[in-house]
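Common to both upcoming complexes is chain A, partnered first by chain B, then by chain C.
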Partner chain A sequence: MEWVRCFTRNRWAWALVLPPLLFFLAFFVGPLLYLFFVSLHVESQTELYGSRLTLDNYLRVAGDPFYLLIIRRTLTAGLAVSGLSLLIGYPVALTMVRMPASRRSVFLMVLLFPLMVSNVIRAYGWIAILGRRGVVNNLLRDGGLIQAPLPLLYSVETVVVGLLTILLPYMIICLVNALLTVDRTLEEAAQALGAGPLRTFLHVTLPLSTPGIASGLLLVFLLTLSAYVTVQLLGGPQSKMLVGLVYDAVMTFIWPRAAALAFILLGISLGVTTLMLKGLRPQRVQGQG
Partner chain B sequence: MTGAFAEADVALRGVTKSFGPVVAVDDLTLEIPRGIFLSLLGPSGCGKTTTLRLIAGFEQPSQGDIFIRGQRVNLVPAYRRDFSMVFQNFALFPHMTVANNVAFGLRMRRLPRDEREARVRETLALVHLAGFEDRYPRQLSGGQQQRVALARAIVVRPAVLLLDEPLGSLDRKLREEMQVELRQLQQEIGITTVFVTHDQEEALTLSDRVAIMNGGKIEQIATPRELYERPATDFVANFLGVSNIFDGRVAGRDGEDALITIGPIQVRVPWEAGLEMGGPIRVAVRPEKIRLGPHDEKEGLPARVRHVIYLGATTHFYLEGPEGQSLVVHVQNISPDTAPWTPGDEVSCHLEPKSVFVLRKG
Partner chain C sequence: MRKESWALRMVDLLALLIILGPIAIVMLVSFSPSDFFAFPPRGLSLRWFREFFNLPSMRGAYLLSLEVALAASILATVLGTLASLFLARRRGAVVGVLNALFLSPLVFPTIIIGVALLLFFRRVGMPILPGLILAHVLIGTPYCIRSVLTSLQAFDVSLEEAGQSLGASPVRTFFLITLPLIRPGLLCGWLFAFIVSFGELNTALFLTGPGVTTLPIEIFAYLQFQGSQLVIAAASTLQICLIIVLVLTIERLVGLSSIVR
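This part shows the complex of A and B:
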């Protein structure tokens, strides 16, 4: 508890921390607790929530195949996007780390460039490519390969591809930062001990980059879970996810259910985060278990 | 090709390495016999680390051949060469325990588990680290980390052990302890060792042979004693300790000896091929091998005292010679009135016979 002693000893540290702490308590922790309180009440036609306490909002989700399907779909999409971005991003990050620093910064700029375009615009871009009269269908039809246009839009797969293009840069940046901290002499040490390129990677480079893998996976997973615009535009009504359900509940003024769904989403996020950190153990890079 | 280097564990023949326009290693030829502890000693940028990395295979030679145990290894990647290495920063794997660090090389060689564990235990005992198996590198002190690095390198029993300034990051006391341990260990297991350092004392303490490098070339390779007593070039003479250098002339030959005149005096050095009668020659002598006498003493080189530094056991005299050259003389203070001279005094310098050495042009 070193930091506690640091604060008791230094009043100035408190003075610096206090404003953001208060802001955070007032505008995040407070509303969150209130939201939890709301989620434990029955619905009401006239008020924000009814007066009776209940667990129904949670139990209904657990017992309803529709909600369970949406939860499973949300989890699958999150894991698919984060897993695929790791697989695609790792070789890119590895290549970038081996570049001279000047060329690496150019690459980083190119990588960040798509992030400067709004998600909405990019989703419409995908619609222009994948729609019934989109680029792909037109090409296939002109080539005589298909008669009727293929239904490429409005599926979970399309959502995954769309989110991948948005979230891949986050993953690559996390991985590049982690790989840059891996001491190259460790790789030489492995080679000196007889490890070829593949085994050097598996035993040294990969485990030492786990902090980057963990932060990349978490970032991409959590951003996927909370994505709305891309899911809505590329998934259509058939491929709804949890955030979409929260939105629908809010739009129909069923506040307690919206709150319960939000907390289920939060629970999934926390659960998967814990599992990932347990599995990857990024702290072992520092030689701590 | 194998015959020529059968005795040598490592051999370099005409090896050149350039990085763009910079020549780091320049036409280097070197043989390291089995079991020898060789130091590559030189100022930074002299090519000693590059030479080590060429042997390891982390750098590819621009020209020339490298042999390990008689096999030409130019095209063999580092991980298939029979060597191991201790790095300057130790390069211990931070995510592995001490035991796993040491076992790494054995695992890569696919040794069966029980044999692997036995060898790890044995080697950790050898470096006095029994009981530290389950620690992580960052839980160890610098000296302990260094021992783990050493254990990890020797456990695979390589043909040659490469050490890249492994003691550089330790504090002085620990460094001296580790020097002794390293030397004992090397002699115990009789492993051919190449040690890169810029610390002269360390090189002299540890090595069977020292190669002094400068500008990508080896200036001289010899035993520590030979290097100090008979440096071959100006560079070696000045890099290892201080030397007084004189320009003289070959005056004659007397049997095995050459007679050299330096100003008013004459000295004898062993005759060697290449000396020309009447030709110019550079000779040198160590500061402790000049005796000072009163200025009227015969057969001495006259000089004037510029500075005197009294150091207890010895006194250092900085003198100006007859042609204006500066000389350094170290005098042992055997009695309270030894060498009583002060700045401005005239003295005569007597070069100890046998201590004068000829310098090649270097």
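This part shows the complex of A and C:
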């Protein structure tokens, strides 16, 4: 029976992984490489792209104040959303970690459920709250505080609030997972040695939870970068972000420009990921840095 | 100390309110009898649900979303299980690379996947519906892998070896021993792939077309071009209800809380 085991261990294993591998190569790696290839070509009226190679699609963005403004706005929004979600999410995660396990899993389900609801519905909820006929304007008018509805929608701030509420559960779940691995005896030791609750938190709990902070910040930031529908519904045309530019280029069939903008978005994601991992060094908690 | 815990409780409350509030309001408003948004609603009615089922575009989008999610999640579960069986049983650099590749759609900006696939499908002449399903398979597979991998890592490989040493073929061993043991992970992975596909926006934005529209995209188009009519609230409530029913069913069958960790 030795050959069975050998077969199972090797050729079978490769036969198993072949279908998913081919699928990922054909519909993930391949299309991305093709997109990159197209981003290096000139535009064309009749074909998907022209035949001449060029770097203009990238250089144009770097030299255009309009594009730079949008990139700066996208980065600011991403930092605001991820920073605020950390500020609000951390206390919630602390509360959840101190709960008994059974209550904690109920809470996790409560956090998981909104993530299953489509973002378009959650953005619609904010329109129902902040719109011209929304909850806030109705209450203020019925209370006689305003005559005409306040314009609460269509600003970068609304987008930040909307995305914050949509992405906050991701941050909390990341933080809870990290805080659960923190050894409680370390906190007790700090307190036994005379540190107050605040000092214990700042010098023991907080540093030990950096892996959770890093993964939470990254997840929220990356998801903010690729949000289109929420930005469009809550921000309107004057709060356009990088994704909106990609979408516009695709809808006008300017493929090389759309491709270049997509890779600039990807480059920004990778850059911010690298910076964040360098700054927070989450791996030092696991004793590898 | 007491003041501190009071402040903590306020932040918790605020977080729950901003996370769940918008969803609760949408569900509440969908039962409103009036023509326009009114909060609190004056009475209860099913008027907007009737309206929803009378609109062919909405009804069609709901059915199409179900079809796409069902097809994509089943394919993703098959691919994800195959990949996990490989990843769980082998060691080495190749496994690390493949693991990173298979899980990367989780953090990769989905909007870029959408653009890349649209361009690629244009190039090879892929029809709209299969293209959309393939995109959702790609996005759902990592969820299945994570979930199946967790249950594979929890169980004893010697059980499989015992099956094979007693003369069962690898295929027979899989169906008699491995499959029943990883069933919870399989179901959870399928559920996640289904739900992700059912609410997905970023690739569907590019990969839907005339006559082939999923419910989230139909809602988005309605909000953009016809304003916020209450039939959207009804559509949203129907989507949320389907999710709740699914989650409760799977929770009854296997228990979901195991995969959050």
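Throughout what follows, the second predicted complex is superposed on the first by the 266 of 289 C-alpha atoms of A that agree within 3 Å, B and C clash if a C-alpha of one lies under 4 Å from a C-alpha of the other, contacts with A are read in each partner's own complex, and residues count from 1 in each chain.
Throughout what follows, contacts are C-beta pairs under 8 Å (C-beta built on N, C-alpha and C of every residue); 3 or more make two chains touch, one makes a residue touch a chain.
Given the structure is predicted, the values throughout are model-derived calculations rather than measurements.
Student: Is this a clash or a fit when chain B and chain C both end up on chain A?
Tutor: These partners fit in the superposed model.
Student: After the superposition on A, what does A:Leu186 contact: first (chain B), second (chain C), both or neither?
Tutor: Touch status of A:Leu186: first partner only.
Student: A:Val285 contacts which: chain B (first), chain C (second), both, neither?
Tutor: In the superposed model, A:Val285 contacts chain B only, not chain C.
Student: Could you look at A:Arg133 and tell me whether it touches chain B, chain C, both or neither (first, second, both, neither)?
Tutor: Touch partner of A:Arg133: chain C, not chain B.
Student: Chain B or chain C: which reaches more residues on chain A?
Tutor: Here the partner covering more residues of chain A is C.
Student: By the touch definition at the top of the document, which applies to A:Val204: first (chain B), second (chain C), both, or neither?
Tutor: first
Student: Centred on chain A, what angle do chain B and chain C make, from Cα centres, as a multiple of 10°?
Tutor: In the superposed model, the angle at chain A is 90 degrees.
Student: Based on the superposed arrangement, let me know which partner A:Ser269 touches: chain B (first), chain C (second), both, or neither?
Tutor: second
Student: Let me test your reading of the model: by the given contact rule, A:Gly196 touches which partner, first (chain B), second (chain C), both or neither?
Tutor: A:Gly196: touches chain B, not chain C.
Student: Taking the superposed arrangement, what is the smallest distance in Å from a C-alpha atom of chain B to one of chain C?
Tutor: Superposed model gives a least chain B-chain C C-alpha distance of 12 Å.
Student: Quick check on my understanding: which residues of chain A belong to both its chain B contact set and its chain C contact set?
Tutor: After superposing on chain A, chain A residues 197 contact both chain B and chain C.
Student: Show me the residue ranges of chain A that touch chain B in the complex, using the header's touch definition.
Tutor: Of all residues in chain A, those touching chain B are 183, 185-186, 188-197, 199-200, 203-204, 207-208, 284-288.
Student: Spell out the part of chain B that touches chain A in their complex, as residue ranges.
Tutor: 56-58, 77-80, 83-85, 87, 89, 91-95, 104-105, 108-109, 136-139, 152-153, 156, 162
Student: Under the definition above, what is the set of chain A residues touching chain C in their complex?
Tutor: Residues 1, 4-5, 7-9, 12-14, 16-17, 19-21, 23-24, 27-32, 34-35, 38, 48, 88-89, 91-92, 94-95, 105, 108-114, 116-122, 124-129, 131, 133-135, 138-139, 161, 164-165, 168-169, 172-173, 177, 197, 218-219, 222, 225-226, 228-229, 232-233, 243, 246-247, 250, 255, 258-259, 262-263, 265-266, 269 of chain A touch chain C in their complex.
Student: Which residues of chain C touch chain A in their complex?
Tutor: Result: residues 1, 4, 7-9, 11-12, 14-16, 18-26, 29, 36-39, 78-80, 82-83, 85-87, 89-90, 98, 101-102, 104-105, 107, 109-113, 115-120, 122-123, 134-135, 137-138, 141, 161, 164-165, 169-170, 195, 198-202, 205-206, 215-216, 219-220, 223-224, 228, 232-233, 236, 239-240, 243-244, 247, 256-257, 260-261 of chain C touch chain A.
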